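Below are two complexes that have chain A in common, paired first with chain B and then with chain C.
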Partner chain A sequence: MIEINKLSVVFRGGLTAIDCLDLTVPEKENTVIIGESGSGKSVLLAAILRILPASAQVSGELLLDGTDLLSLGEKEMNELRGTRLAYIPQGGGSSMNPLLTVGYQIAEPLMEKRAASRRTALSAAVDWMKRLNLGSEEKLAAAYPHTLSGGMRQRALIAMGAITGAPILLADEPTKGLDGERIETVTDLLRRLTDRTILCVSHDLRFARLVADKICVMYAAQAVEQCDSGAFFSEPLHPYSRMILEAMPENGLKADMGFAPPHSEAGRMGCRFYDRCPRRGAKCAQAPPMAEREGRKVRCWLYAD
Partner chain B sequence: MVKKRVSRSMVAGLAILTVFVLIAVFAELLMPYSMSELFAPYQKPSAAHLLGTNDIGQDLLSELILGTRVTLLTGTAAAFFIVLIGTAIGVTAGYCGGLTDRLLSALTSVFMAIPPLPFTIVLVTFMRPSIWNIVAAICLTSWTSTARVVRSRVAQLKEQPFIKIEETLGQKKSVIMLRHLLPNISEIVLMRSTLAVASAMLTEASISFMGLGVYNQKSWGSILYYAFRRNGVVANFYWWYIPPILCVSLCIFAFILIGYYGLGTSTQNGYSVES
Partner chain C sequence: MENQEQRLGIKRLRLAAGYLLRAVALVFAIISINFILIHLMPGDPVMHILGDEQYFTLYNQFPEKLDEVRAQYSLDGSLLTQYLRYLEQVVTLQFGHSFIGGESVAKTVLFRMKWTALLALSAIAISALLGGALGVLAGYRKGGRLDRALTGLFLFLETIPANCLALILLVIFSYKLHWFPVGGMVSGRLSGWPRVLSVLHHMALPVLVLSLFRTSSNFLLMKSYVSQIRDEDYIVVAVAKGISRRHVLFRHVLKNALVPFVTTICLQVGHILSGSMLIEVVFSWKGMGTLIYDAVNNRDYPTVQMCFLLIAVCVVFFNFVSDMLCMRIDPRIQDGVQHG
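This part shows the complex of A and B:
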C-alpha cells in the first residue's frame, strides 16, 4: 500500500507541481489519476520513484508499507526500484535503447533485479510479449526498437515494467498512442494483474473507467476529487470532474474544455478552478477544504458543510 | 533489411593499414638482410639495396621494415590506453555529474593545460628507455581530448528517455554506463582511437627523432634521428630520410581515412536501413 501525506513538490523558481496531496493507494487495487496536462500527475509518479531533478524540493510523506521513501538512502531506494516498485513509462521515440534488441531490453530487468539467467529472462520476455499480443513475438524479440511501431513500443515498455513481478506498478499513460483494440489488450492485462497494486496516470477516461477501482482527479497541482470509480463515473461531484466527464464523446461533448490555468486573484489564492467553474460563488475566493462525503473526498465549497 | 555501408575512404585507409600491419607481422620474412649484416656505408639505392645503406652499412629497406613493428606497436598500444583512460573518465564524469564531474573535469583541464610534447619529452628523459615507458608518457598527456568529447556526448545521452527509464527500473550505474551508454558512444570512441593511434605514432617518431627512443630497437623515428645525426641530411642522402617520413605520413593518413573520413562521417554505427 502507498500512503501519501501532505506531499508537495516545488521546483526552483517557485513552480508548485504538487500542492499538499493526500492519497491512499490501496493494496491490490487499481488507482487511476486523471487530469489535464500540467496538473502534476506524472510529477507524482516521479516523486514516488524519487527520480525528480535536483531542482525539485519534495516535502511530506511517501509511505510504502509504512516506510517513508523520502527518508531512504539512494542505494536502498535503488533496490526498491524494479523489485517493489516498477515503472511503465510513456513510449516516445527514444524510450528504448536503439542498439539493444527489444527482447533483451524487456528481459534485462529480470536478469539484473532477479538474477535470472539470460535464457530464462529472454523466454519470460517472449511470454510477456505474447500476453500483450505483440505478434510474431520470437522474431520481434530479436528485432531492434526502430522496427516497432509506437503502439508496439508502448506495449514492450509495459512488458519491461511488469516483468520483474514488482507488487506495485506505476504506469504513466500506458495507453498513449494505442488504437482501440490495443487499448483493450492493455486494459485486459492490467485488470488481470489482480495481485498487483497499480497506480496509473491517464488522460483516457474510457480506459480509466475500465481499469480503475479508485479515481483521483488532479487539477492545478491539487487533488480535487477522490472516490471509487463507479461513484465517479455515475455521479461526479466536483465541477471539474463533471466538466471532463461531460466532455467525453459518449456524453455528447457538452463542455468546452479550453485550458486555462488559474489567472485571477481568486483563482490563485482561493479555489484553483475558480476561473473556469460554472458554479462559483463568493466563498470560492477562499481556498476550499477537502470535504468528506459518504467516503468520497471533494475539494469544493459546495460540499464543505 | 539492415545493410552494412562502408565508405570508400575507410576501405582505402584499411587497405593501406593492412599492408603496414602485414609488414610489421612478417618483418623478419620480408627483410632482405638482417640488421647484423653490414655492407659498404652510404650506398645509393641499387638492385641489391633498394633504399641504399646507412652510415654503418646496414640495409635501409630492412631497417624500415623492422621499424614498422615498433612504430605501429607504440602507436596502437598508446592509443588503446589513451582511449581507455579518456573514455572511463569521460563516461564517469558525464553520467555521474555533480561533484564527480567537477573533479574529473578539473583534472582534465589541468592535464590539458600541460603542453603535451614537451611534457612527454621530459617524462621520457627521466624514465628508463623502453617502449612501454614511451607509451606511458604519451598516454599521460593525450587522454584529455577523448575524455572531453566523451563527457559531452554522455551528458547529452543521459537525458535521453531510454536512460531515464533504466534509472526508474533501478539499474546499477555501472550497468547503465557499460551496457547502455558505451555502445551508444562506440562510434566516437572508435574515431578517437584511430586518431589517437596517428597522434601517438607521430609523438613516438618525434621522441625517437630527438634521440630519446629505445636505442636498441629500430623505429621510423630512430631512422630519421640517425639520418640527421650522421650527416644524411647535410649530404642529401634523400633515400635515407625520405622513406621513414613517407611511411609515418602514409600510416597516419590511413588512420585518419578510417577514423575521420570513414567512421566519423558514416551513418549511425555504419548501418543504413533499407525497407
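This part shows the complex of A and C:
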C-alpha cells in the first residue's frame, strides 16, 4: 500500500507541481488519477519513483508499506525500483533508448533485477509482447524503437513495466496514442493484473471507468476529489469533476473545457478552480478544506460543514 | 519480413557506397584544388632550385637554359599540361623527386609521416581515453566537485596557445631540470630497446603538450554530450527500471554519447599528419610539420603536393571511417532516419 501524506513538489523558480497532496493507494486495487495537463499527475509518479530532476524540492511523506521513500538512500531506493515498484512511462518517441533493441529494453529489468539470463529474459519479453498483441513479436524484439509506430512503442513500454512482476505498477498515460482496439487490449491486461496495486495517470475517462477501483481528480497541483470509481462516474461532487464528465462525448459534450490556470487573486489564494467554477461563491476566495462526505473526499466549500 | 530485411540490407549497402563515392569525389576535388593553390603561390620555383644568383644570371644571359631546367623538373608547358601530368603522377603513385635535395619525395614523406604519426597517434589515444573518461564522469554528475574542478582546469588549458605551453614546459623540464632532451627524436648510435626508450624519452614532452590540449577539448565535448543525454527521457526511464547506475552510464548514456565522440576522434585522427606542426617546430621533431614548412618556403612543389594530398586523403578517409562507425553504432543512421 502506498500512503501519501502532505506531499509537495516545488521546482526551482517557485513552480508548485504538487501542493500538499494526501492520497492512499490501497493494495491490489487500481487507482486512476485524472486531470488536465499540468495538474501534477505525472510529477506524482516521478516523485514516488524518486526520478524527479534535482531542481525539484519534495516534502511530505511517501510511505510504501510504512517505509518513507523520501528518507531512503539512492541505493536502497534503486533496490525497490523494478522489484517493488514498476514504471510504465508515457510512450513518446523519447522514452526508449534509440540504440538498444526493443526486446532488450523490455527484458533489461529481468536481467538486472532478477538475474535472469539474456535468453530467458528475451523470451519473457516476447511473451509479454504477445500478451499485448504487438504482432511479429520475435522480429519486433530484435528491432529498434524508431521502426515501431507510436502505438506499438506504447505497448512495448507497458510490457517493459509489467514484465518485472513488481507488486506496484505506476503507469503514466498507458493508453496515450492507442486506437480503440489497442486500448481494449491494454484495459483487459490491466484488469487481469489483479495481484498488483496499480496507480495510473490518465486523460482517458473511458479507460479510467473501465479499470479504476478508485479515482483521484487533480486540478492545478491539488487533489480536488477522491472516491470510488462507481460513485465518481455516477455522481461527481466537485464542480471540476462534473465539468470533465459532462465534457465526455457520451454525455453530449455539454461542458466547455477550455483550459485556464488560476489567474485571479481568489484563484491563486483561494479555490484553484475559482475562475472557472460555475458555482463559486464569496467563500471560495478562501482556500477550501478537503471535506469528507460518505467516505468521499472533496476539496470544495459546497461540501464543507 | 525477410523481404523487408533484404531491402534494409540493400539500403545500408547503398548508403555505404554513397559515402564511399562522395569520399572519392572529394579526394579528386582536393587534388585539383591542391594543384591550383600550389601553382598560385608567388615566386618562380626555378629560382629556389638554382638559387637567386644563378637564376638571374641564366635569366639575363641564357634564358633557354632556364627552359631546360623547367623541362627537367616538369615545370614546362601550360598549367593544364602540368595539371594532367600531375594527375598521371597521382594515379600511378609516382610523386617524383624533391626540387631541393633531389631525393625521392615518396621516400622522404613516408619517413617523416612515420614520426609524425607516432607523436600524433599517441597524443590522440591518450587524450581520447583520458578526456572521454573524465568527460563522462563530469557530465554524468554535472555541477559536482569533479565537474567544477576539471572544467576550470581544462578551460584554463584551452586558453593557452599550444606553442606557448610547449615553450614553458621546454624551459622548465629540459633547460632547468634536464629531465627531457631539448629537441630531436632519438639519440644517435642506439639500437633495440635502448633506441625505443630513447624515442619514448624524446617524445614525452611533445606528447604531453599535444595530449593536454586534446584532452581538454575532448573532456569539454564529452561532458557536454553526456550532460545532455543524461537528461533524456530514456535515461530517466532506465533509472526508473532500477538499472544500476553503472549500467545506466555504460549501456544507455555512453552508447549514445559515442556517436558524436567517435566523429570528433576520427576527425582528430584525420588531421594526424598536419595537426602537430607547431609542436614539431618547437621540439625540432623531424616530422611532416617541419617538412611542409621547409617545402613551402622552398617552393618544392612535388613535396608540397604529396604532403597536401596525403593530408587530404587522411582527412577524407577517417571521415569515411567515422561515417561507417556511426552507422554501426546508431541503427537510425543505417536506416537513413533523420533524428535530432
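The rule is simple: the second predicted complex is superposed on the first by the 305 of 305 C-alpha atoms of A that agree within 3 Å, B and C clash if a C-alpha of one lies under 4 Å from a C-alpha of the other, contacts with A are read in each partner's own complex, and residues count from 1 in each chain.
The criterion applied here is as follows: a contact is a pair of C-beta atoms (placed from the backbone, for glycine too) under 8 Å apart; a residue touches a chain by one contact, two chains touch by 3 or more.
Because the structure is predicted, anything quoted here is derived from the model rather than measured.
Overlaying the two complexes via chain A brings chain B and chain C into a clash. Judged by the touch definition given at the top, the superposed model places A:Gln286 against neither chain B nor chain C.
Within the superposed three-chain model, A:Ser149 lies out of touch with both chain B and chain C [touch as defined at top]. In the superposition on chain A, contact is made by A:Arg81 with both chain B and chain C. Looking at the shared chain after the overlay, A:Pro53 reaches chain C, while chain B stays out of its contact range. Judged by the touch definition given at the top, the superposed model places A:Ser71 against neither chain B nor chain C. Contacts of A:Ser136 after superposition: chain C is touched, whereas chain B is not reached. Of the two partner chains, chain B and chain C are each touched by A:Met160.
Comparing the two interfaces of chain A, the one with chain B and the one with chain C have residues 49, 51, 78-83, 86-87, 89, 92, 94-100, 108-109, 112-113, 146, 157, 160, 164 in common. In the complex of the two chains, the chain B residues touching chain A come out as 160-162, 164-165, 167-172, 175, 179-180, 183-184, 268-269, 273.
Every residue of chain A that touches chain B in the complex is listed here, in rising order: 49, 51, 78-83, 86-87, 89, 92, 94-100, 108-109, 112-113, 146, 157, 160-161, 164. Touching chain A in their complex are the following residues of chain C: 1, 231-234, 236-245, 247, 251-252, 255-256, 329-332, 335, 337, 339. For chain A in complex with chain C, the touching residues are 46, 49, 51, 53, 78-83, 86-87, 89, 92, 94-100, 108-109, 112-113, 136, 139, 144, 146-147, 157, 160, 164.
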